[in-house]
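Below are two complexes that have chain A in common, paired first with chain B and then with chain C.
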Partner chain A sequence: MNDIERDKKYNDYVQAKIPKTKNFPTLIYSYLVGGIICLLGQGIHDAILAIWPQVTQEQANVWMLIVLIFIASFLTGLGLYDKIGIFAGGGSIVPITGFSNSITSPAMEYKKEGIIFGICVKMFSVAGPVIVNGVVISFIIGLIYLFI
Partner chain B sequence: MWLLYLKVFLVGGLICMLGQILIIKTNITSARILVLFVTIGAILEALGLYDPIVEFAGAGATVPITGFGRSLAKGAIDAVKQQGLLGVFTGGLTATAGGIAAAVIFAYIFSLLFSSKTKKY
Partner chain C sequence: MGKKLGKQTIMLDHPAKIIGNFSIVGEKEGQGNFASYFDMILKDDKYGQKTYEKAEKKMMLEAIKGCLHKAHLTTSQVELYLAGDLLNQIISASFSARELDCSYLGIYGACSTMSEILGIGALLMDTGAYDHILCATGSHFTTAERQYRYPLELGNQRPPTSQWTITGAGASMLSKEGNAPKITHVTFGKVMDYNIKDVNNMGAAMAPAAMDTLITLFQDTHTQPKDYDLIVTGDLGKLGSEILMDLMENKGYTLGKNYADCGQMMYTNNQKTYQGGSGAGCSAVVFNSYLVDKLKKKEYKKIIFAATGALLSTTSSQQGESIPGICHAIIVEGA
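Let's turn to the complex of A and B:
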């Protein structure tokens, strides 16, 4: 069996084994779940502004994200967030709660490898690229704004 | 008031559904989705196109990860105006420090408290 033939067989095997997502229903679920998470965010934002009137709009926004991150991290710890993720797909990944989940989940998974090499290292296996790319892009944008 | 909540739901859901469409069409991993959406948010903000969406939809635009990219870009732009070159370095992370610190701290606490269960699919 030559290499090309073998590669083709392997790729066909992989294609057959990839979990298939049902196309249409997941679109609706992702829309619903994503929308509800955003609604929850707006609710928290408005509640914070109502309880502490001296908080500015910007600060309330950061508080709202922190509360959402806390909720998502807690649900991940209980193992509930992954259950939402199975049927919601993008609806659970794209909101900031997905970012929180992507940090907590590998941290828990690799806990048995120790605190330094397990939790602290693996914590950034998904969030690391996001933060690195974010810092680079904000640097580039800042540099552009410096010169215009 | 209720109109705002409707807009939050519609816009927030739409951004999440775009992510799901990408997953279905290209089998993209979640890390790449997050990176892609942060980059898109930052670029839109730099072009001045993301602020109108935030004004229109509130949390519908700030909760999705594109809002994280928006904060990075907005922080950098504001800091550059105040501090010049130093702001290029400090702006982005300063604006998003709250979110990143919260995510790291809660992940640390909850990963110590809970152990992961074996996943069943």
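Let's turn to the complex of A and C:
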């Protein structure tokens, strides 16, 4: 049975009926948590520069990212990062810590299917699109850079 | 042999008696609204197993064991095992059948499995060929999440229309003889698709199927919703059951206080499952605890049990297909 008009009417009815995500509190929570993660990053960066004065700004940036990735991965392992995510939404997905969580969580999840077919194959099942898009966009920007 | 009424309903000559029932649930479900009715509540969702898939299979085996015990039967007296679950190639059902020594039919009906297998079992019982038929199904939150959605530890948010796949398994023992609640009518549903594509809104996808099956049942049996003590759907959830009530109202059938949904009732509001429970185990554990108990105690005389299912796969939804819904109904009368 296929009735386009009936389906459209039903979909409109359902759309009007479904509960919507509350925008305002969600924005506040993600802003707060996202901000705290950025503040933490800045703190780590400044601390590295304070402890090792010979380190350059660029090197400190790289180390800061590594530390943040480690912390997120570690919290994922402890089963805490998803709890932050429920509360924070985009606030904990967008920073690099979210990227770390999206790689660690499938690696943990698919461990039981073995190292090759489980961990290695599935590790990028969530983060894969980010990497592909990252590579493609940097390629395009590289091309533009070449010609201007 | 049974007699066909109207379009889709079969009235059984010899109603199948439900002489044994058992429900086993996970920790979260054990803190929900039905806690005092379940036979067994797990402390650990992994149930001492290495993987969650193994835990799901063990839950089904435990439900079978408990059901046999309550029916005072031994494994050798079971002639046929009907089972299904949500996992690819219904592994929990087939792997649990490995431990039994009888004929086995594996059935995939998504979350509508419980009423589907009870219906099939009752019909087969009516042929007179079987004395005891065992029906079981279950689901596990974690195995369903990894198959249909994301890794457990991924820090994403669930949309407000989503439901929570329950961890639990239920088993019923059908028998030719005995003084127990009996299945008198079976209505196998049609697949209904109103072009809902949102995989996080299963209630809306399944509600039209529930409406179609219920209305067909009322027409075929010349009854009205008020003729039943309870009309219970499987896992439409809060939103889905509201939609069903609206759909039925438009067709001239009012579902009143005698209507309920297993998924909607499963958890308390504090458990933050949004629209309630879902999964093959959802209707199975409610039927095999609360509903059969009430029928046995004669608090309910006649109920409609209509489990609902969404017949999608991850592949179909990624390819942009809409979600077909199904609903099978059985009429169960108290002893």
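Keep in mind that, in the parts below, the second predicted complex is superposed on the first by the 127 of 148 C-alpha atoms of A that agree within 3 Å, B and C clash if a C-alpha of one lies under 4 Å from a C-alpha of the other, contacts with A are read in each partner's own complex, and residues count from 1 in each chain.
Note that a contact is a pair of C-beta atoms (placed from the backbone, for glycine too) under 8 Å apart; a residue touches a chain by one contact, two chains touch by 3 or more.
Fair warning: this is a prediction, and the values are worked out from it, not measured in the lab.
By the document's definition of touching, of the two partners only chain C reaches A:10; chain B does not. Looking at the shared chain after the overlay, A:81 reaches chain C, while chain B stays out of its contact range. With both structures placed on the common chain, the touch criterion links A:27 to chain B but leaves chain C unconnected. Shared-chain residue A:93: touches chain B and chain C both. Touched residues of chain A were counted for both chain B and chain C, and B has more of them. Of the two partner chains placed by superposition, only chain B is touched by A:129; chain C is not.
Shared contact residues of chain A with chain B and chain C: 18-19, 21, 76-77, 79, 82, 86, 89, 93, 98, 102, 104-105, 108-109, 126. Against chain A, the residues of chain B that register as touching in their complex are 4-5, 8-24, 27, 30-31, 33-35, 37-39, 42-43, 45-46, 58-60, 62-69, 72-73, 75-77, 79-81, 84-85, 87-89, 91-93, 96, 98-100, 102-104, 106-117, 119, 121.
Remark: chain C residues 50-51, 146, 150-161, 192-196, 201, 204, 208, 239, 242-243, 246, 274 touch chain A in the complex. By the touch criterion stated above, chain A contacts chain B in their complex at residues 18-19, 21, 23, 26-27, 30-39, 41-42, 45, 61-62, 64-66, 68-70, 73-74, 76-79, 82, 86, 89-91, 93-100, 102-105, 107-109, 111, 119-120, 123, 125-127, 129-131, 133-135, 137-139, 141-146.
Only residues 1, 6-8, 10-11, 13-14, 17-21, 76-77, 79, 81-86, 88-89, 92-93, 98, 101-102, 104-106, 108-110, 112, 126 of chain A touch chain C when the two sit together in their complex.
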